[in-house]
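To keep things clear, I will list the structure first and then write my remarks on it.
By letter and in written order, the chains are A, B, C and D; residue numbering begins at 1 in each of them.
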Amino acid sequence: MRVGVLTGGGDCPGLNAVIRGIVRKGVQEYGYEFTGFRDGWRGPLENRAVRLDIPAVRGILPRGGTILGSSRTNPLKIENGIRRIKETLAKEEVGALIAIGGEDTLGVAARLSDEYGVPVVGVPKTIDNDLSATDYTFGFDTAVGIATEAIDRLHTTAESHMRVLVVEVMGRHAGWIALHSGLAGGANVILIPEQRFDIEQVCAWVTSRFRASYAPIVVVAEGAMPKDGQMVVKDESLDSFGHVRLSGVGEWLAKEIERRTGKEARTTVLGHVQRGGTPSAFDRWLATRFGLHAIDAVRDRDFGKMVALRGTDIVRVPIAEATARLKTVDPALYEEVGVFFG
Amino acid sequence: MRVGVLTGGGDCPGLNAVIRGIVRKGVQEYGYEFTGFRDGWRGPLENRAVRLDIPAVRGILPRGGTILGSSRTNPLKIENGIRRIKETLAKEEVGALIAIGGEDTLGVAARLSDEYGVPVVGVPKTIDNDLSATDYTFGFDTAVGIATEAIDRLHTTAESHMRVLVVEVMGRHAGWIALHSGLAGGANVILIPEQRFDIEQVCAWVTSRFRASYAPIVVVAEGAMPKDGQMVVKDESLDSFGHVRLSGVGEWLAKEIERRTGKEARTTVLGHVQRGGTPSAFDRWLATRFGLHAIDAVRDRDFGKMVALRGTDIVRVPIAEATARLKTVDPALYEEVGVFFG
Amino acid sequence: MRVGVLTGGGDCPGLNAVIRGIVRKGVQEYGYEFTGFRDGWRGPLENRAVRLDIPAVRGILPRGGTILGSSRTNPLKIENGIRRIKETLAKEEVGALIAIGGEDTLGVAARLSDEYGVPVVGVPKTIDNDLSATDYTFGFDTAVGIATEAIDRLHTTAESHMRVLVVEVMGRHAGWIALHSGLAGGANVILIPEQRFDIEQVCAWVTSRFRASYAPIVVVAEGAMPKDGQMVVKDESLDSFGHVRLSGVGEWLAKEIERRTGKEARTTVLGHVQRGGTPSAFDRWLATRFGLHAIDAVRDRDFGKMVALRGTDIVRVPIAEATARLKTVDPALYEEVGVFFG
Amino acid sequence: MRVGVLTGGGDCPGLNAVIRGIVRKGVQEYGYEFTGFRDGWRGPLENRAVRLDIPAVRGILPRGGTILGSSRTNPLKIENGIRRIKETLAKEEVGALIAIGGEDTLGVAARLSDEYGVPVVGVPKTIDNDLSATDYTFGFDTAVGIATEAIDRLHTTAESHMRVLVVEVMGRHAGWIALHSGLAGGANVILIPEQRFDIEQVCAWVTSRFRASYAPIVVVAEGAMPKDGQMVVKDESLDSFGHVRLSGVGEWLAKEIERRTGKEARTTVLGHVQRGGTPSAFDRWLATRFGLHAIDAVRDRDFGKMVALRGTDIVRVPIAEATARLKTVDPALYEEVGVFFG
C-alpha cells in the first residue's frame, strides 16, 4: 500500500519526528510506500508530491520545522477542493492519508473521513497544547522549556535591580505555556487568556513583591486581556492568514505598570523563538510514538481516528470528537498555581 | 499544626521544588509551621531539625539537590529506630510528616504509617522512573534531557568517522532513561536491564549500521547485562551503602565490539552529571504540584498515602501499594522502540 | 591590609566570579582581609559594608548578578561625595579599593585615584563590550551566546514560513552583540548603532532573500537608527537613571518592513534575558582572571590601573586612558561581515 | 580561478563555518569557483572532488562535523603522494588550495608549499587549542563549554553527598580544556599532561576539601599522568590511526582515591561528546573569520601562510612556523589557577 503524509498549520518542534516514526515503521514492518504531500492541504490539492523513504527521513529527528513544508490552506473553502484531493489520491494510488496538524488541519481531516469516506488518520499538533482528547501535544514541552530558561535568566536582574520584568509568551486562546513556564520559572504573576486580569490586582502583586526586596516577574500569554474598561490599545491588523493580530499585551502591561506603580518595567517578547529549533527529549519521544501508532492505525484500517496521549499510553480517538472544543486551563488549576502569585 | 519534611535517598533534580511547594501552600493557605529534618531518616532519628519557612524556600526552585540534605539511613534497621522517631516528632510537636524519597524511604514511610500509626504522607522520588503507581517521577525528565543532548552531540562524530560510540546511562534495575534518551537521541541500539542482551546481535546491528555509511550509537543502561556465557567482568566492590557496584558495562561493550567487529569504539560515561543541576521545566512543574498536593493530603488527614501522577492529574494512592513492585520497561514497549535498532 | 570591593552599573554575568577571584587569592596568598561595599559607590558613601571572606564567596562562580548589589550612584555629583568616601575608607581601615564597573564607575575610580589620591584598582565591566583598552569584557560572550541561540531557533521558522523575523538585541551605542550574534546566528541583515541604516536597503535585502526561498532574519541593536527622514517614532521617556529610553526599533522595523514589502514580519525582543543567568565558560575564565590580577595590582601598589585582556594575557592600563573613548565597531569589520547580508 | 578546499584530522565544531566563510566571500566578492576535496588529503590523492557553491554551504554554519569529510591520510607517507596531488590539482584546474586542519594536516601543507611550490593557505584546527601562533583555535570554546556544563551539574552531588567526583576531559598533550573548564566549573583539582601529578597531593586536596563539608570535583585531562612509581595501568592498544590509546586515567584516579582516602569516588568520561554538535557563538565567529581571511590570502597570493587569531585581529603567519611546536600550558598560568585547588 501507498500512504500519504502531510503537515499543516504553524511551526511545531517534533513534526519531523512524527514523519520519521511513520516512515520507519511503515517501510520496515509493513512494507508500505510513502508519498509526502508538500505544504499541508495544498499538497494533495495541487499534487505537490515528494517521495518519502528511509533515506529521506534520516537525520531529521532532532530538527525543528517540517521537511514537508506547511500551509494554512483549507480545501473546504476552495472550489472542488475535496474532489481535487480525491483525484490526487487516486492518481497517486494513495490508499490512506495521515494528516498531522492542529484544529484546522484535523477539522478538514475529520470531514474528509466522515463525510467523504477518505481513509484518514490524524496526528494532533498544537504548540499551545489546547487540543482536547490528548494529555499533551508535542512541541509544547519545548516551548515551555525555552520560556522557562528565559525566565530563569531574568531572576538575576530581579535580584539585583528594582525593575518589573514582563515576559510575553505564546498562547492566543489558552494559557498553558504561560502557566507551565510561569510556574517552572517561579514567576510572581501569570496572566492567561482564559481569565481577564485586573490591572489593579497585578499592580498590587507587583508592589507587594517589591516589599520582599525582590523585583517581580510577570508572565503574560499573548492572548491575555485586561478587564473591560482597562482595555489594551491593540494593533488590529490582520495577518496573512486572516487572523486578527493582537500585538503588544506585554509592552502594554509594562507601560501600565510603570504608570500605576512608578516602578520601571522592561519587556521580553520571545515570539517565534518558542516554536523553533530542536525538540526537547519529551517531545521527540511523544512525536515519535505518535508516528508509530498512526501507521499502526493505518494498518488496522482504523480510519477517522486520531492518536492521543493518555497517561503513558497512546490511544485512538475519533478525530471529530478531539477537535470539538478547545482545551483551556481549568480555573481550579489556575487557582492551584495562584498560591505563588504576589 | 507543625509539619515535618524530610528527603531521603540519592540526588534528584526537583527535590527543592517539592519542599517549596509544600511550604508555600502550607504557610499561606493553611497557616502551618514547618520543621525540616536533615539527612533523610537520620533527621528525626537524631533530631536534626531546621526551621522551614517562606524565606528558607526562596530561590530554591531551579536548584538541584536538596536543601535538607539526604541519607540512606533506615530506621527499621536501627535499634529503637521507630521509638526514637516518634519521640522526636512528639518533642518537636510535629503532627504530620511528609517523606520525599524512593523505594527505601517510602518503604519506611509505609511501615511507620501502617504499623506504628505515624501520620505520614509520601512523595515519590526516583530518577530512574521505576516506581509503580505514578506515570512519571520528577528528575527523570531532566536526566533524559541530559543524556539526549549528549547523544545528539555524538551524531556529529558518527557522521564523520567510522567509530562505534557507546553511551552508558543510569538505570540499575529499569531501563527507562536508556529507552527514552536512546529513542529521543536516535540511537541505533538500546540495551536495558530488563532484557539480557546478546552481544552477537549487538555486533550484527553495529555492522549493518556501518553499511549505511554511518557509525552506530549504542545506548546502554548501567544495569544491562549480556546473556549468560557472554559475561561482563565486573568490579564487584560494595559501595558505602552496601550496594554491589557494577561498573563498566559501557567500557566492556566498547572493547567487546572492537574485538568482535574490528571497528574502533569509544565510550561516554555520563555518571552523576545526569542527576545534578537545574531541573527541567517539566520536572519543576511535576515536583511543585507533588508538593502542593502533599500538603493538601496533610490537611485532609489522608495519611498513609502518596501523591502520584495519572495523566495530568495528581492523585493519592496507598504508599504500600505504590512501592510493592518495581516499574520496569514493558517488553511490548521495548519492541515498539526496537523498530529503530540497527 | 584590608581591601574594599564594590560593583557598579548594570547587570553583567561574571561579576561574582571577579569577586571570588579577588577574595580567594587575596586571603590565601596575601593574607588580606576584605570589606564589600554594597550597591556601587553608594556603599562607601553611606558606609554600607559587608564582610567578604572565603565562605562568603563559596558557590558564587556560576551565579549571575552580584552578591554586593549595584547602583548607578555617582559620588562626583553628590555633595562632599569624595570626602565621605575617604572618611569611610579611613574609618573602615580600607587601604585599597577595587572598583568593578563600566564607563561611569571607572570614570569615578579614575578621578578618585588621579585627583584625590585614593588607592584604586579598576576592573572593566560592560556587557556591550564597548570599553577601550581591553579585547573583551566579561558578560559579552554570555549575551552573544543567548542571542545566537535565539536566532538559531528562528531559522526553523525562516525555513518553513514566509515571514521576516526581526530580533532586537542589546547595544545602545555599540553594535558588538548584534554583530557577533548576527554573524554566529547566520542573520541576513545586521543593523548597528555605529552606522545609520537605510530602510530601503534593508527591504531590498529582505526581498532578495525571499527569492532564495528562505525568509530573512534581521538582527538589530536597540540603538540602531534609520537615516534621517526615515525616523523611528520613539518613546522618549527617561528611565530612572536619567537615560533616554529608546524603545522599539525592533517593532518599528517589523512594521516598516511589512508596510514596504508586503511580507509579514515578527519581532523577538530579548531584553534583560541577555544579561542574566549563569555566565559562559569564557566569561567565567576572563572574570576570574581579572579578579586574580586585580588583587595582584593591589599587592604591587599599582594604583590608578585597570586590568585588561590583550590576546590571552591580562595586562594593566591606566584607568583614565581606558575609559577615554567608547570602543565602537570598526567600519572595516562591519563591511567584512556584510558579505553575509541579503 | 578555481580554489580547492579540504578538511583533515579529527572532528571539531566550526569546520563547516570555515568552509562557508571561504565560499561565500570567494564567490560573491572575487568570483572564484570552488572544488571540495573529500576526506582530507585522500581527496586530492584520489581525486575525490565535489562541487562547492553557495547552495552547498547553505545552513551548515551551526552544524558540527564537516560536509567534506575528513581523514588522517598523510600524502608524504604514500608513494608518489605529492605527484598525485599535483596531478589532481592540475587536472581539476585548481589554482590554490586551502587546507583546514591540525598539526599533521598543516605539516603536509607547509611542505607542499615550501618544498613543492603548491599554492596552499592553511587554517588551523585543533580542539585541544595546542597550536602555536594563534591565540585560540575554533572548537576549543565549544569543548570547554560542554565540559563546564557537566562540572556545573556535578556540584549538586558534591553539595549533597560525600563522594569524590572525577571528570575526564580531552587533552592528550596539552591541558587547555582541563584548565579552562576546571577553572570555569569551580573544580578543586585540575590535572594536566604538562605536569605529572602526585597522587598523594591529589588525595591531600581531596581530604582537605571534605573538611569544608563539601565533596571535591577533580578534572583530569586524558593525557595527565602520575609521577613515576605511581603509574597508571594503561590499556596500550593502538587505535586505527596508529596512536597509542591511553584510556582510563579518570577511572584509575577514582579507584586510587577510593583506596587511599576511603572515600567513594565516581567518574564521568565525556569522550566524543566534547567534540560534536553545534559550535558555540565564539567558535562560529572565529571559524567564519578564519574562512573570510583565508580566501583573502588566496586573493593576495600570499601562499604558505596560515590565518591566526591575535587579540581580536586575524593575521597571517608562515604555516611552518605555526606548527613548529606544541602550545602547552605555561607553568605560571597553571600556578595562577592553582589558587583554587584543595
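Note that in this section a residue touches a chain if its C-beta (ideal position, glycine included) is under 8 Å from a C-beta of that chain, and two chains touch if they have at least 3 such contacts.
Because the structure is a prediction, the values reported are computed rather than measured.
*Asks:* Quick one: which chains contact subunit A and subunit B both?
*Replies:* Touches both subunit A and subunit B: nothing.
*Asks:* Please identify which chain has its centre, taken as the mean of its CA atoms, farthest from the centre of subunit A.
*Replies:* Comparing chain centres, D lies farthest from subunit A.
*Asks:* Take the average of all CA coordinates in subunit C, do the same for subunit D, and state the distance between these two points in whole angstrom.
*Replies:* 30
*Asks:* Would you mind pulling out the distance in Å between where the CA atoms of subunit B average out and where those of subunit D do?
*Replies:* 36
*Asks:* Subunit B to subunit C: how many Å between their CA centres?
*Replies:* 40
*Asks:* Which residues of subunit B are in contact with two or more other chains?
*Replies:* Residues 152, 155 of subunit B each touch two or more of the other chains.
*Asks:* If every chain is a node and every touching pair an edge, decide which shape results: line, ring, star, complete or other.
*Replies:* ring
*Asks:* Which two-chain combinations qualify as touching?
*Replies:* So the chains that touch one another pair up as A-B, A-C, B-D, C-D.
*Asks:* State the interface residues of subunit B toward subunit D in the complex, per the touch definition above.
*Replies:* Per the touch definition, subunit B meets subunit D at residues 11, 13, 63-66, 69-70, 146, 150, 152-157, 159-161, 163, 165, 239-240, 247-248, 251, 264, 266-277.
*Asks:* Quick one: in the complex, what on subunit B touches subunit A?
*Replies:* Residues in contact with subunit A: 24-25, 28-29, 58-59, 61-62, 135-136, 141, 144-145, 147-148, 152, 155, 180-181, 183-186, 214, 278, 280-282, 284-285, 288-289, 292, 310-312, 336, 339-340.
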